[in-house]
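Heads up, the thing below is written out as structure tokens.
Chain IDs A, B and C follow the sequence of writing; residue 1 opens each chain.
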Amino acid sequence: MAALMEARGLHRHFGGLRAVDGVDFRLEQGEIHALIGPNGAGKTTFVSLLSGRLPVQSGSITLAGEDITRLPAHARVKKGVAYTFQITSVYPRLSVFDNVALAAQSAGARDLAPAVAAALARVNLTGLDREMAGNLSYGHQRLLEVAMGLALQPRVLILDEPTQGLAAGEIEGFKALVRSLVPQTTVLLIEHNMDVVMDLATRITVLNFGQVLATGTPAEIRANPAVQEAYLGGHDD
Amino acid sequence: MKGETGKIWTLHLAVIAALFAAQFLLPQYHATNLARIMVLAVYAMGYNIAFGYTGLLSLGHALFFAAGMYAMGLPIWQLEWLPVPALILGLVAGGVMAGAVGLLALRTAGVSFMIVTLMFAQAGYLTLLYLNTWTGGDEGFVVERAYRMIGGVDLAADTPRYLAALGLFSAGMLGCLWLVRSPFGRVMVAMRENEERSRMLGFNPFRVKLIALVISGLYAGVAGAAYGLLFGYVGATFATIQYSILPMLYVLMGGAGTVLGPFLGALAMFYLIDIASGFTDAWLFVVGAALVALILFAPKGILGTLRERGLKWLP
Amino acid sequence: MSFGPFLLLALLEGTVMAAVLALTAVGLSLVFGVMRVVNVAHGEFFMLGAVGAWFITYYLPLPPGLAWLVALIIAPLVVGAIAALADVTILKRLKYDPEATIVATIGLLYILQQAALTFYGPDARPVEPPFSLRLQFPWFGYSGYKLFVVAAAGAILLAVWLFMTRTKAGLVMRATQVDMETARAFGINVDRVYAGTFALGAALAAAAAVLIVPIQQAHYLMGHDPLLLSFIVVIIGGLGSIRGTLIAALLIGLSDGVISMFFSPTLAKIIATLLVAMVLVFRPQGLFGARA
């Protein structure tokens, strides 16, 4: 099976700190792939390299066979790699409609109103389009962020800690939402909540000290002794 | 949404109608002032497209204003061009100058952007002085009345001048209204609000800001050209830092990021200085105090404050 | 006069220029370095220093030399106090937001200019030099006072350097420059440091003006050129770097003196402003700053 997105030998050092240190990574079409690892393992740096927010120092990234290593972030978004921020990053002083419309028009939607309405409906925010985004509750802002990602109609949706700060009830709805995205959209998920990861992911990659510790199905990862020692074992997160 | 669109167009067309009526109602002194204010408001609208909507705080717009003015005036003065092509050249010159400055200055942001634009404008002003055999230097030159005729209409006469200013103002205002309500207008605002987020929605920040700055330069250029043509004088004063500060002042006063704010600010500031100079010659103080007071107590300006207090639909 | 002596004269003029410029620019650099404020009104503090010197020497019933000496002490103190007042009433309320403070200091520029125009008038007025000593070179005579200006500027800069490196107040200022939050956490009164820095920066500009006013005359619009040149110096030297500022002041002062002697001063200014723009675009850390 051909990889939708593939990274080979990625490096990113900050001075002496090897945040990402030779990572090989494959994202298969239509999967929900979770990226886990202890704090400081290089997860956010790694997805920043994939999305183009940080330039790669060495290594290569391909999207459906096309080399995108040197493409700037905004060009990668146009090619279908969407990134939702770890800290909610909606436009607080714009209306919910404008927030989603920006994403929809970036994706080339001709008729914005139905495209916005569809994206809002998927995250259950219908009817809030006239609100200022900054007046929404935190949970709703996170959902709005996801709606913006969806309105981009991406091939790959990178979700950076999407359930952080959500209430337990909201997490259930969120899981259903992510499941409904595949297989049209491929999801790469950075997540601390192990229940969510084990429940959602079809495959998991574990990063530690900027390197890949293991890759496999949730069952394989759970059984992997190296992972247990480095990450799962001992303390709970 | 439909109701609001109706309200918005009604308001702006009413402003144009009121300005049309004003020429019959006002004494000539004030009508001439108003013609001046309308042309300066076009300049300020251009400044507002960069600063108010896109978040580009420039200190060098006088360069674009003067580019338009000289690109209009020099061909008339030196080559005996007709006013219409000269005016068009002025428009283009403002845009081209803004594009050239933008290509370099937009590699910087914030304070650096302010200083770079200031330096380019200063270099432009000094160049006008340096090439004084061509440009008339400090003294500038008069655009002779004979060269200010368009199809037999004398732009130096009161009524045609007023109508020409109103025509330009109306076109500028409706163009601005259309722009800020268009998808691109939304992207400009997105850049102002959060550049990094906008980049991750697939918009190229450099490109968006460059386009906004060029549009802003087109407004400044045509305003400069019209100012020279309608009032018959072209001079290096218009390239000084004061003429970069003025549109900023108008926009801050009227409300950054509002369509009518630049006009309202120009009107208020013009008469504030006019009235103040009735009993004191301290107009510099009025400008300075207005700047400080606005930035301290009302950074959103007149219309920005109104929009916050209920008139949410105001574009 | 042949080329050699002509160049010597140009270099002498350039050195005087560089000394005064260094003093003015270090004030601007200090304010930017510690407070991250681009003070557009800096040139007006310079102008106030010169105008203040005229008032003091004109109204004080002392012999010219002594009156000037009083001006050299009093004018910077007064200007510093005005600056501290502006900091507390305006800049502090803006929370030192970089763009808002630029707009506010532009407003301050107009207010101070108007104040000078109203109370001092539109004329340029001379201030008597404290002493008139003429040094005779084989080719031309040269004002001894100008050389004194160089020495005095050097002495003031040395004092500033000692203040910054050897006193507790200087240490507090540098600590605030490195990290304002931490400084506050360690109980440093950041508000007072900022007011003091803004006052010191303005006082340095005023002192430079008192030094130069016997050569140049006082005028309410005289702040424009020092502002522009200080900007150029501070940016080329690297924003906030005092050492870079000094090197750049020497370079710009000397080359301005020399270039203006041989070419049009307007052309020299055009080149300098474009150079500054290019430095900011392509080498924002300045020509002498280390790459961040």
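Heads up, the rule we're going with is that contacts are C-beta pairs under 8 Å (C-beta built on N, C-alpha and C of every residue); 3 or more make two chains touch, one makes a residue touch a chain.
None of these values were measured; they are calculated from a predicted model.
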Pairwise touch network: line, ring, star, complete, or other: line
Most centrally placed chain, judged by C-alpha centres: B
Chain at maximum distance from subunit B, centres defined as averaged CA atoms: A
Whole-Å gap between the CA centroids of subunit A and subunit B: 44
Separation of subunit B from subunit C, taking each centre as the mean of its C-alpha atoms, in whole Å: 34
Length of the line joining the C-alpha centres of subunit A and subunit C, rounded to whole Å: 53
Contacting residues of subunit B [partner subunit C, same complex]: 57, 59, 104-105, 107-108, 110-112, 114-116, 119-120, 122-123, 126-127, 129-130, 245, 248, 252, 282-285, 287-292, 295-296, 299
Contact footprint of subunit A on subunit B as seen in their complex: 183, 186-187, 189-190, 193-194, 196-205
Parts of subunit A lying in touch with subunit B, wherever the complex brings them together: 51, 53, 72-75, 77-78, 82-83, 85, 89-94, 98, 101-103, 105-107, 112, 148, 152
Contact set on subunit C toward subunit B in their complex: 38, 90, 93-94, 98-100, 102-104, 106-115, 117-118, 228, 231, 235, 264, 266-267, 269-270, 273-274, 276-278, 280-282, 284
